[in-house]
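Below are two complexes that have chain A in common, paired first with chain B and then with chain C.
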Partner chain A sequence: MRIIRFLLQKEFLQIFRNKAMLPIIFVIPVVQLLVLSFAATYELKEAKFALIDRDQSIASRELVSKLQATGYFILQSEFTSEVEAKIQLEKGEVSFIVEIPRDFQQLLSNNKATSIQLVIDAVDGSVANLINSYVNSIVRDYSATKAVNINVAGLQNIEQFSVKKISTQAINWYNPNLDYITYMVPGILVILVSMIGLFLSGMNIVREREIGTIEQLNVTPITKFQFMVGKLVPFWMIGMFDLLLGLALARFGFQIPFLGSLTTILIIAGIYLVLIQVLGLFISTITDTQQQAMFIAWFIMVVFILMGGLFTPIESMPMWAQKLTLANPIAYFIKIMRMVLLKGAGWKEVYEMVLIISVVAAGLLAVSVNRYKKTSG
Partner chain B sequence: MNSFKGFVIKEFKQIYRDTRTLVVLFGMPVLMLLIFGFAIRNEVNNAKVGVLDLAKDEVSSVIIQKISASKAFQIHAYLTSYDEVEAYFREGDIKEIIVFEKDFARNLTRSGSATIQLITDATDPNLANIVQTYTNAIVGDYAQELNASSMPVVGIKVHSKMLYNEELASVNLFVPGLIAVILMLVSALMTSISITKEKEMGNMEILLVSPLKPNHIIIGKVLPYLVLSVVNVFTILVLAKFVFGVPFVGSYLLFFAESILFIVTALSLGVFISSVANNQQTAMMVSLVVLLLPTILLSGFIFPIKSMPIPLQVISNIIPAKWFLVIVRGIMLKGSGILIIWQETAILIGITLVFITLSLKKFKVRLQ
Partner chain C sequence: MSDLAIQTDGLTKVFGNFTAVDNISINVKKGEIFGFLGANGAGKTTAMKMLTGLLSPSSGDAKVSGYDVYSESELIKKNIGYMSQKFSLYDDLTPEENIRFYGGIYGLDSKQLSHKRKELIESLELGEVKKKLVGSLPLGWKQKLAFAISIIHEPNIVFLDEPTGGVDPITRRQFWERIYQVAESGVTVFVTTHYMDEAEYCDTVSIMVDGKIEAMDSPDNLKKTFETNSIEDIFIRLARAAKRGDR
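This part shows the complex of A and B:
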């Protein structure tokens, strides 16, 4: 026990004496949590468009003002030729071009079909899709009012077109305003805590090896197990501290509801952080230089983050990739955080995932302890 | 000049003799592109939904059929009452529950309107939004089919043309983004580590007392990584084209020139980090913790910058990857020439110059 205590003391001294590291460990994560949580939305706020109105009629004006009235679309500029409009589109100054043909009003008032042309910058396919469906529904509404007007004017019986309408009514549970901050904050917190844990522990043993101090530790009577504990506990504590800080910020800064039990979250976080540290130590035992270790840790982290289901939904991935996420601890922990914090889930709903995390952590710990050899060469 | 040549050769040897690191440096970006190229999508695929059909009539069953036939959805559960909704959501697999009101078909024929409730698990609001949009589209199509016979012919049709990315594939959006993320992190991370390593090992003293000028030392350090990154750009490009079929409309020459510019930006950022950091650990933590998330989130790689709150849009301007992304997407997908993207290029050059000046100022020729 005494040995472990001294080991811990040594590790803490080593961490805290490096003044440049302190802000990276404690300040930057908080700042990132505060700032980046706001970045992650697909919500279409506004899109600018260019107009080529060849008709210059009342009807075309009406349609354009209908488009603007939604608040989504802003008329950026008007052109007479397609070439100029396309240059703006290419520069990204407008997101789409609306082109109204010459005989628009005439055809419309003569009860004939007409069309408008929409050219959308589809580099971001999902944005393009949204724009397309918004514009379509606006035009459909406009077209319907016109049709009714014409029919009334033509003294036809409207009843004969018994338009059937199926409306959908959206109800959003747990997050009625579709506020993405509520969703992002727990997820980004998980990522930040994992990043710090993985990078710190991943560099640790390999650093001792690179500097040569590991030889000195090897000749002491410290057992493998004590050595590992001495390496694990400090980073675990730092991770937990960061997590608590983040949770406090989420609760009191972002006003995120904590429906589930905080104790549950903390216990699971404790197990999860062990897994992350052990993963870092494992990387540390299989690499020779800090450079290698960091590159591998970085790679694993990017894979975990991008396949964690936080930024792009796991549901969008192809089947094999969805299966791969079963091996992603970040995906589990993000899911658990969301379920417990936002939906109030308890052990019954999450125990399977917790079990998987625990088993993987234990297995990896066994492998790392085994791989770490006290003899060199 | 001769000593500089010798130094560069030494640097190359030092990096390229370590096969393990080399495999990692060349292999990882390829692996990453393969994984993410296939896996990162923002359209929905096989989302699990539940159905609560209180009507059980011919119209509701047709709509249910249409939903289950769609590639986006997979009907995972049939509920019998509202009380079950919560249990299913708490389990976490089901993202949406589609509720048909009682007498759905009758309401539709009698009063001409009927309602479907879409209850979503909005803990992931982005996903909830997408799922709703998809369901709405299916229902809307069906309603249009119903009305096709009785609708008047008059009306405005919208002809939509999707420019630059006709099939609306998200690969085409994400691959250019991946190039930026990979280059940024590899270049900045690697240079910052390799320079601080010399400091930590004490080799910096030897280098400083040698007849090499400080800027020669830095250029020598950076050159191998420049070569390495250019090779990476090349492999990524080949993969993008032949594995993912991402179109390449613009000029290859311009693309490589811009890539080299961006690599230099990232390298100069790496040099700057190493001039601030004292040891490898600090350098790595700075390049990873500080760069990773902002590069992914604020560059427009996944989330459109236009959707962000204004302060974040302002901050995103200092992220070099943002400008490079605009350039790469421009060249690859739109075929933009330098006339279209000169502003972004100028900004990148500006950022690079700032980093170089800062690091020259910070780089200490003497030891404390």
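This part shows the complex of A and C:
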């Protein structure tokens, strides 16, 4: 124990003396959390559109003002011909074109079916989908009120119409306002602590190998176990500190609801960080220079992040890719964080995933300790 | 226990089809200064790594401080000090912190630690730089400090791998005065060097060529055998015959 104390003391002295290290540990996570959480949003805001209104009627103007009233869409320009509108779409000045046919009002007031045309710039498929569904729901709303209005005007039986239609009413549980920040922050937090844990622990041992001090340590009576603990604990503590910092920011800065227990989160995070650190340790046992370690850590991190379910829902990945995510610790921890924080899940719901993380951590630790040798050759 | 600090018999290290150390047998008496000479690539560092437990031998036997290099390498580590040519101190710690760290991991208690710290800072005249980072100290000072730290736990044997590379003759002389002091207190010194004047300071000198020990005796006896009056002469004669180049 005494030896471990000296090892820890030395690590902390070195960490806090390293001028590049302090911002990495304390400032970058906060900045990233703030920037990414606001930037990584799927919400549609102020998409510009071009209008070709061939009807020029009260009904058509009503519909256009409905589109604008939502705040999602801005009328950029109005054209009489399709050609001009398309030029603007090609230039990327508008995201879509709305074309209202000549007999729009007439057909509506005769209670006949009519349609409007949407031409959407679908280079970014997810944005195109959002535009399509938003416009659709606005038009549906509009046509429903129109039908009612017409009925009222024609003094017919209102019930006749309302009965014929089935509409779905969605209630969004756990994140009632579909607030993307609520959804993103826990996930981004996971990625931040993972990166800090993986990079710092992976680089640290390789650094000692590069400057040659590891050889000096290897001729001392330090055991492998003492050495590993001395290397793991400091960065584990830093990771936990950053997690707490991020959670505080999430709770008091972003007003994210904490439905589950904080203790549960912290215990699971503790296990998870051991796994990430051990992965870093493993990388350090297969590399000789910091550059190699950095490259491998970066490669693993990118795969983990992209397949972690933060930017692409795991449910929409192809089956083989979904199976791959079963080996992704980040995917587990993001899921656990969201379940516990946003849904208030407890041990019963997450213990299986925690078990997987623990087993992988233990296995990888055994492999790394075994691979780390006090002798070479 | 015999009066030998290091004893090897047919010690060999093979990397693939390259025999770095070829069947060396040496005896180092307790308390002597043993100069381990050889051209670059002759296998000195490999041999030293086997003796310090950093590398396990391919074949042959070796006992260091009475312990077997195969089965008791951790016991050897408790009883030896090691200073390598690559700097083994932490550049981003101060001399005091380095002393404290290495003393601590060798198991010194806090009383011994503070005593050692004061003693070393004083005897190495590091008083005014004790709060500066080691990285900012001149090379000669770093070497003195590294040597002092390598024997902080009062080992039986200390291994010095080219300890005086790159410093001026005065600093080298001072360093060797320290080596003499340490040897007088009964510690065996096993040292590699490229400076032939340093070889003259040793009690026994061995010259390694292509992984083999080609000559081993006291400097005076070696000069008689080779009928010359400088070790440098002998070294050049033997090393010229080497087939291996720089590695």
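In the analysis below, the second predicted complex is superposed on the first by the 292 of 377 C-alpha atoms of A that agree within 3 Å, B and C clash if a C-alpha of one lies under 4 Å from a C-alpha of the other, contacts with A are read in each partner's own complex, and residues count from 1 in each chain.
FYI, a contact is a pair of C-beta atoms (placed from the backbone, for glycine too) under 8 Å apart; a residue touches a chain by one contact, two chains touch by 3 or more.
All values reported here derive from a predicted model rather than from experimental measurement.
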item	value
Partner chain in contact with A:L7 - chain B first, chain C second, else both or neither	second
Which superposed partner A:V135 touches (first chain B, second chain C, both, neither)	first
Partner chain(s) touched by A:L324 [first = chain B, second = chain C, both, neither]	first
Partner chain in contact with A:Q292 - chain B first, chain C second, else both or neither	first
Partner chain in contact with A:V219 - chain B first, chain C second, else both or neither	second
Of chain C and chain B, partner touching more chain A residues	B
Which of chain B and chain C A:N18 touches, first, second, both or neither	both
Partner chain(s) touched by A:A122 [first = chain B, second = chain C, both, neither]	first
Touching both chain B and chain C, residues of chain A	18
Partner chain C, residues of chain A touching it in the complex	2-3, 5-7, 9-10, 13-14, 17-18, 211-213, 215-222, 374-377
Complex contact set, residues of chain A against chain B	18, 20-21, 24-25, 28-29, 32, 35-36, 38-47, 63, 87, 89-92, 108, 111-130, 132-133, 135-136, 139-140, 142-144, 146-147, 150-151, 160-176, 178-180, 182-183, 188, 191-192, 195-196, 199-200, 203, 207, 288-292, 294-299, 301-303, 305-307, 311-313, 315-319, 321-322, 324, 335, 338-339, 342-345, 349
Interfacial residue positions of chain C with respect to chain A in the complex	13, 15, 49, 52-56, 73-74, 77-78, 80, 82, 84, 86-93, 97, 100-102, 104-107, 133
Of chain B, residues touching chain A in the complex	18, 20-21, 24-25, 28, 31-32, 35-36, 38-48, 85, 89-92, 95, 108-109, 112-130, 132-133, 135-137, 139-140, 142-143, 146-147, 150-166, 168-170, 172-173, 181, 185, 189-190, 193-194, 197, 276-282, 284-286, 288-290, 292-294, 296-298, 302-304, 306-309, 312, 315, 326, 329-330, 333-334, 336, 340
